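Structures for review follow.
What follows is a pair of complexes built around subunit A, which joins subunit B in one and subunit C in the other.
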Partner chain A sequence: MNQVVRALASEEKLLNFYNIVLFDEITERLEMPKKIDLLLIEGSTVTREQEEVVKKFREISDFVVAMGTCAVQGGVQALRIGDDIEKVKAYVYPNPEHIDVNKDVKPVDNVISVDMFIPGCPVNHEAIASLLKKFVSEGLPIAIPESVCSECKRKGIVCVMVAYGIPCLGPITISGCGAICPSFGRGCYGCFGLKDFDLDNSKLKMFAQQLKDLGMDNDRFEQTVKAYSWKTWSKYQNVYHR
Partner chain B sequence: MERVLTRVEGEGKVLVKVKEGNVIDVEIQITEAPRFFEYIVRGKHINNVVEIVSRVCGLCGVSYMLTATRAFEKCLKIDVPQEVEELRRIIHLAERVKSHVIHVFLLNLPDFLEMPNSFRLGAVNSAMLRNSMKLLTLAVNIMDILGGRTHNVVNIKIGGVYKPPSESDAVKIVKLIKDAIELFKPLADFVLSLKNIPEEKLAKPLMILHGNGYPHVSDEIAFYNSENAEIFDVQNFENVLDVMQRPGKTALLYKYKGQSYIVGPFARFNTSYDRLHGEARDFVSSYGWKPPLKDVRQQIIARVAEILDSLLTLRDFFQNYKPFEIYSPRIEPAKADKLRCVAAVEAPRGILYHRYDIDEKLKVLHCNIITPTAQNILAMEELSQEKLRMLGRAAEHEAAKLTERIVRAFDPCISCSVHVLSSKY
Partner chain C sequence: MQLYRGGIEDIINIYNIVKEFLKADVYGYKRYGNSLVFDFIESSSELPIDVHVVQRPGFYRVSRGFGFIHSSHSPKNLLYPFKQELFRVDQELNIKTLENSLKPVILFGIKPCDVAAINVFDKLFGNNFNPYYLNRRRSVVGIVVEECLNPGETCFCSTMGTGPDARNGFDLAFAKVDRDLVIFKAGSSLGEKIVAKANLQKASDDDVKRYEILLEEAKRKTNLGIGVEDIQTSLEKSITDVELWRKVSEKCVGCANCNMVCPTCFCSEIVDDVVGDEAVRIMQLIGCLSYTYGLVAGGHFRKELYTRYRHFILHKFVFYPKQIDLFGCVGCGRCTVWCPVGIDIRETVKTVASRYRG
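Let's look at the complex of A and B:
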């Protein structure tokens, strides 16, 4: 909610163009219209009920955006995928039988068709503001597919991997954050998600080896990638898996 | 009757049971699906854990990172120089400002104005809406400089921070803070002058982190029932609390010596008013607001005081700030095959407690997190029941709405309370 509110706060007039009909964290429920022009979905689905809600809203919405790493990739909760859900429940709950949760964590496009993806954990509020501004004039922001490294280069940020030997996931991570971590002298941990272009299993494997040489063992690399890139990573993992 | 909780962080419901016109039970239900944080951090390296737990809450990620890093630093005996620790607390206070600004102006204020949301404010008082949005922008700009972004900040690590702000950052921040204070005072004036803030007696015992200054970071906890404080070490927190789970429900409820209690701004203000920044104290008291606040729905006053207190503390800090060298202690493997790592901080909503057991390779074996909202839920329910009983039959139709307002006064973070469940082993 932070980032959407921030996007709305960034441009006074935006609020004149949008009638926010459903946003429980900000407004009491108002009367629901039959049609929604723009639907922003945050989060992944983990229950059947959530899937039904998402499907219902897809039906009445013109344009659907999966917003944030959870919606796009699955999110950190995807770290439990592959483990026995009964064990997961039993670890946390004294009465696991009452907890109704699927064994999978589904990114939104595993449930419905999605018209646009805005990754990020959290999303960059400027991307949301840009969408909200362009959408009112029936346009869309232009997505330029590149890695975080390109943002470093454009901003003249010293490469932490080259200069200081700090492991950095920037080369395999989709751009959009503005290279925040390198600008603080630390490596990227991939919170915007893996690129799903210019990358394949052998490149990933080679890259993992590079990071290992710099001190990030494969286990930590995998944990990090899985936490923020479940969907894309799972496409690669069968070959990549040790 | 049932009502979806809106204008809170996360998904929940209030359920009011009415029999023959009288309220017999009030329950706050957490409907958000669990994300199993205590489970997913298992087997993860402590550096990854700091980033992962930051994702528990959409509003107070810094509190999570600070609690986790402090827990790991204490058990691994990693020294954090005073100036580094100070800076981290300052980043944490910047988050307190942001979180409270959102709560006061976007979530809570509409209750006093009988509006469904604060965007409607534009129609009656456009300056008020514009300026509160501007204030939010200033607050997040301060966080951007200090933390890289507002949410899941990147500038906190075990052992300190990645990059101390530069001298020119400090100048920018001082300017932002001065603008923020100037913008805030008239907005605060509006809130502090509201005539319809209830002031019945509606409260419970209080719990805070006990230290030298206004409650913030400490290893001691104080429980206040009336004037007397019982003080205990944070290491004993899990032992002194009774944990209950309702059959079939996901949220756990906490009691101290058989009683529900309150954490957060209401508890901090009422126990530690004297330790607020002098200017903040003068400001709120000039409107006649002094402790003890009697009614939990007056928490908005405590938040206004805390916003100003934090802004002034930030201003004082950056006016005298000298950048320091980046400090990166080596994190050595643990000397034992099982270490217990415990810490707590005053998150915007109250005491946040983390416990991690880690192995010698610095991977988490077990984790338990006790969040402010989980501690407050029982108080929210009991206070709602008390209030509704007082009103008797008259409350029937308004019951759910009234409860929602009491809940909202607490600023609950439901996405944090949902996974705050015991890890039994």
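Let's look at the complex of A and C:
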């Protein structure tokens, strides 16, 4: 949400164009509006109640954006998928019986139709600003799906994987962050999500092996992609064997 | 061609001479953190003289020593930057073009393959009159080349006819034989003047011999053992061999690092941004290995990744010659070094040639 505030504050005039009707952190909670032009949804749905809320909002909204890795991919809460939900609850809460939560995790588009995705954990405020600006002039940003590597190169960053031997998920991760981690000499850990194009199980396996040679073991690799790329990963997972 | 002799200190001396004499900014390879980049060189202490680089497929390590080749960056980063603002349009539809020429520039210590890559750009953009390129290109007032007597493991410039010695398009070239012997040669009247200003002595027969022995060895090391015409014709025959192309690109993940580091890859996309009351049009490099490349309204020309890898190789060896009568590959090996999974262009062309030659 900080990134949305940052986007809204990025240009003086931007706020003149928008009437913010619901935004828990900065507006008082009002009644359910009758109609929404642009709806940004953050987070995945993990309870039945949330699914109902999301459906209601879809009905009154013209344009729905799934914003952030949780909304797009499922998010870190997807790590629990496959485990016994009662056990997971007990890890976290002293009185797990009060917790009503689904055992699976649904990215927003598993519940309603979504018009646009803005991945990222956190999202890139420039992407949000670009959407807000173009939406008022009745256009939309054009998504340019690539790997993080292209962003590294456009920033003039030396590749940490090739030059320093640091495991990096950038080659298989969708662009959009501006290569933040490699800019600081760290490997990308895939927070924008796996690319949902160009990859298949054999390529992922070979890539995981490459990372293993550089010191990232397969479990860590799988945990990471599960946490940030549940939707895409589950597509590959059926066919992914070690 | 007359050869001259000097030492390491003469390289530094010449750096200072050209900077003063031509009143220009010097650009070249320099140390940056634990790696090397191509950028503005502020002082001679940044020159990569005491640097050694080990480069293999997917591997690049810098240490102290004497064998520096090149980095993931190249003169392309200066002459044809990754991102360029083309123009701005205000609300009254006035168009403002950005002044993007540079101060006078000397390219210092670039490699013979880099010069060959600039020749490729000159033909591509000179013929099509790309003002953004030509403005920058015209600001280059001098080119000093370092020949490679100690080529990288991934280099194959000898096969491509672009190195390891300087052939044309340079003002001055030097080659480090050892710490006490550096061979210089002038490639233009400007180069002659620099040699005179630097007071270099003529090289002795013995000096020349030592240089030539190392050069022959370097040529042998950078030769793939297949002729370029063989590579070209076998590639043409292989186009419909889906199985082969899937096989050679099986590890490829479409990250486009190969395109980005290639000194002759030029493909770009246009993005529009809104800044205040102005619309800004930006050109940025994109690679044919990226999914976005070939994605058009209503479809995709090269949806499958192997078709994009195939296109990369074919463009370099088959299509560039049709476009500009030069190969698009200068044999620098960057695509191989900087591919994070180590896909080796030499292996690809050898595999194709062994299947389709003759």
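By our rule, the second predicted complex is superposed on the first by the 238 of 242 C-alpha atoms of A that agree within 3 Å, B and C clash if a C-alpha of one lies under 4 Å from a C-alpha of the other, contacts with A are read in each partner's own complex, and residues count from 1 in each chain.
In the analysis below, contacts are C-beta pairs under 8 Å (C-beta built on N, C-alpha and C of every residue); 3 or more make two chains touch, one makes a residue touch a chain.
Not measured: the values here are computed from a predicted model.
K.L.:
Since both structures carry subunit A, what do subunit B and subunit C do when superposed there: clash or fit?
P.N.:
Superposition result for subunit B and subunit C: fit.
K.L.:
Quick one: is A:I172 in contact with subunit B, with subunit C, with both, or with neither? Answer first, second, both or neither.
P.N.:
second
K.L.:
Answer with first, second, both or neither: which of subunit B and subunit C does A:R29 touch in the superposed model?
P.N.:
In the superposed model, A:R29 contacts subunit B only, not subunit C.
K.L.:
Give one of first, second, both or neither to describe whether A:V21 is in contact with subunit B, with subunit C, with both, or with none.
P.N.:
neither
K.L.:
Give me the angle at the C-alpha centre of subunit A between the C-alpha centres of subunit B and subunit C, rounded to the nearest 10 degrees.
P.N.:
So the angle at the centre of subunit A is 110 degrees.
K.L.:
For A:S202, decide between first (touching subunit B), second (touching subunit C), both and neither.
P.N.:
Second partner only, subunit C.
K.L.:
Thinking of the overlay built on chain A, is A:L79 touched by subunit B (first), by subunit C (second), by both, or by neither?
P.N.:
First partner only, subunit B.
K.L.:
Quick one: is A:V53 in contact with subunit B, with subunit C, with both, or with neither? Answer first, second, both or neither.
P.N.:
It touches nothing on subunit B or subunit C.
K.L.:
Have a look at where A:E146 lands relative to subunit B and subunit C in the superposition and call it first, second, both or neither.
P.N.:
A:E146 contacts subunit C only, not subunit B.
K.L.:
When both complexes are superposed, which of subunit B and subunit C contacts more residues belonging to subunit A?
P.N.:
With both complexes superposed on chain A, more residues of subunit A are touched by B.
K.L.:
Compute the least Cα distance separating subunit B from subunit C in the superposition and give it as a whole number of Å.
P.N.:
10
K.L.:
State which residues of subunit A lie in both footprints, the one left by subunit B and the one left by subunit C.
P.N.:
Residues 185 of subunit A touch both subunit B and subunit C.
K.L.:
Note which residues of subunit B are touching subunit A in the complex, please.
P.N.:
Where subunit B meets subunit A, its residues are 4-11, 33-36, 38-40, 42, 44-45, 47-48, 51-52, 55, 58-59, 102, 106-107, 110, 116-119, 122, 130, 133-134, 136-137, 140, 148-152, 154-155, 157, 162-163, 245, 247-250, 326, 419, 421-425.
K.L.:
Write out the stretch or stretches of subunit A touching subunit B in their complex.
P.N.:
Touch list, subunit A to subunit B: 1-3, 5-6, 8-10, 12, 15, 20, 24-30, 46-47, 50, 75-77, 79-80, 83, 88-89, 91-95, 98-99, 101, 121-122, 177, 180-181, 183-186, 189, 191, 219-220, 223-224, 227.
K.L.:
So in the complex, which bits of subunit C are touching subunit A?
P.N.:
Answer in residue numbers: 32-37, 58-62, 71-73, 77, 82-83, 250-257, 260-261, 269, 271, 273-274, 276, 284-287, 290-292, 305, 337-341.
K.L.:
For a test of understanding, state which residues of subunit A touch subunit C in their complex under the given definition.
P.N.:
Residues of subunit A touching subunit C: 11, 130, 133-134, 137, 142, 144-147, 149-150, 153-156, 158-159, 161-165, 168, 170-172, 185, 195, 197-199, 202-203, 206-207, 210.
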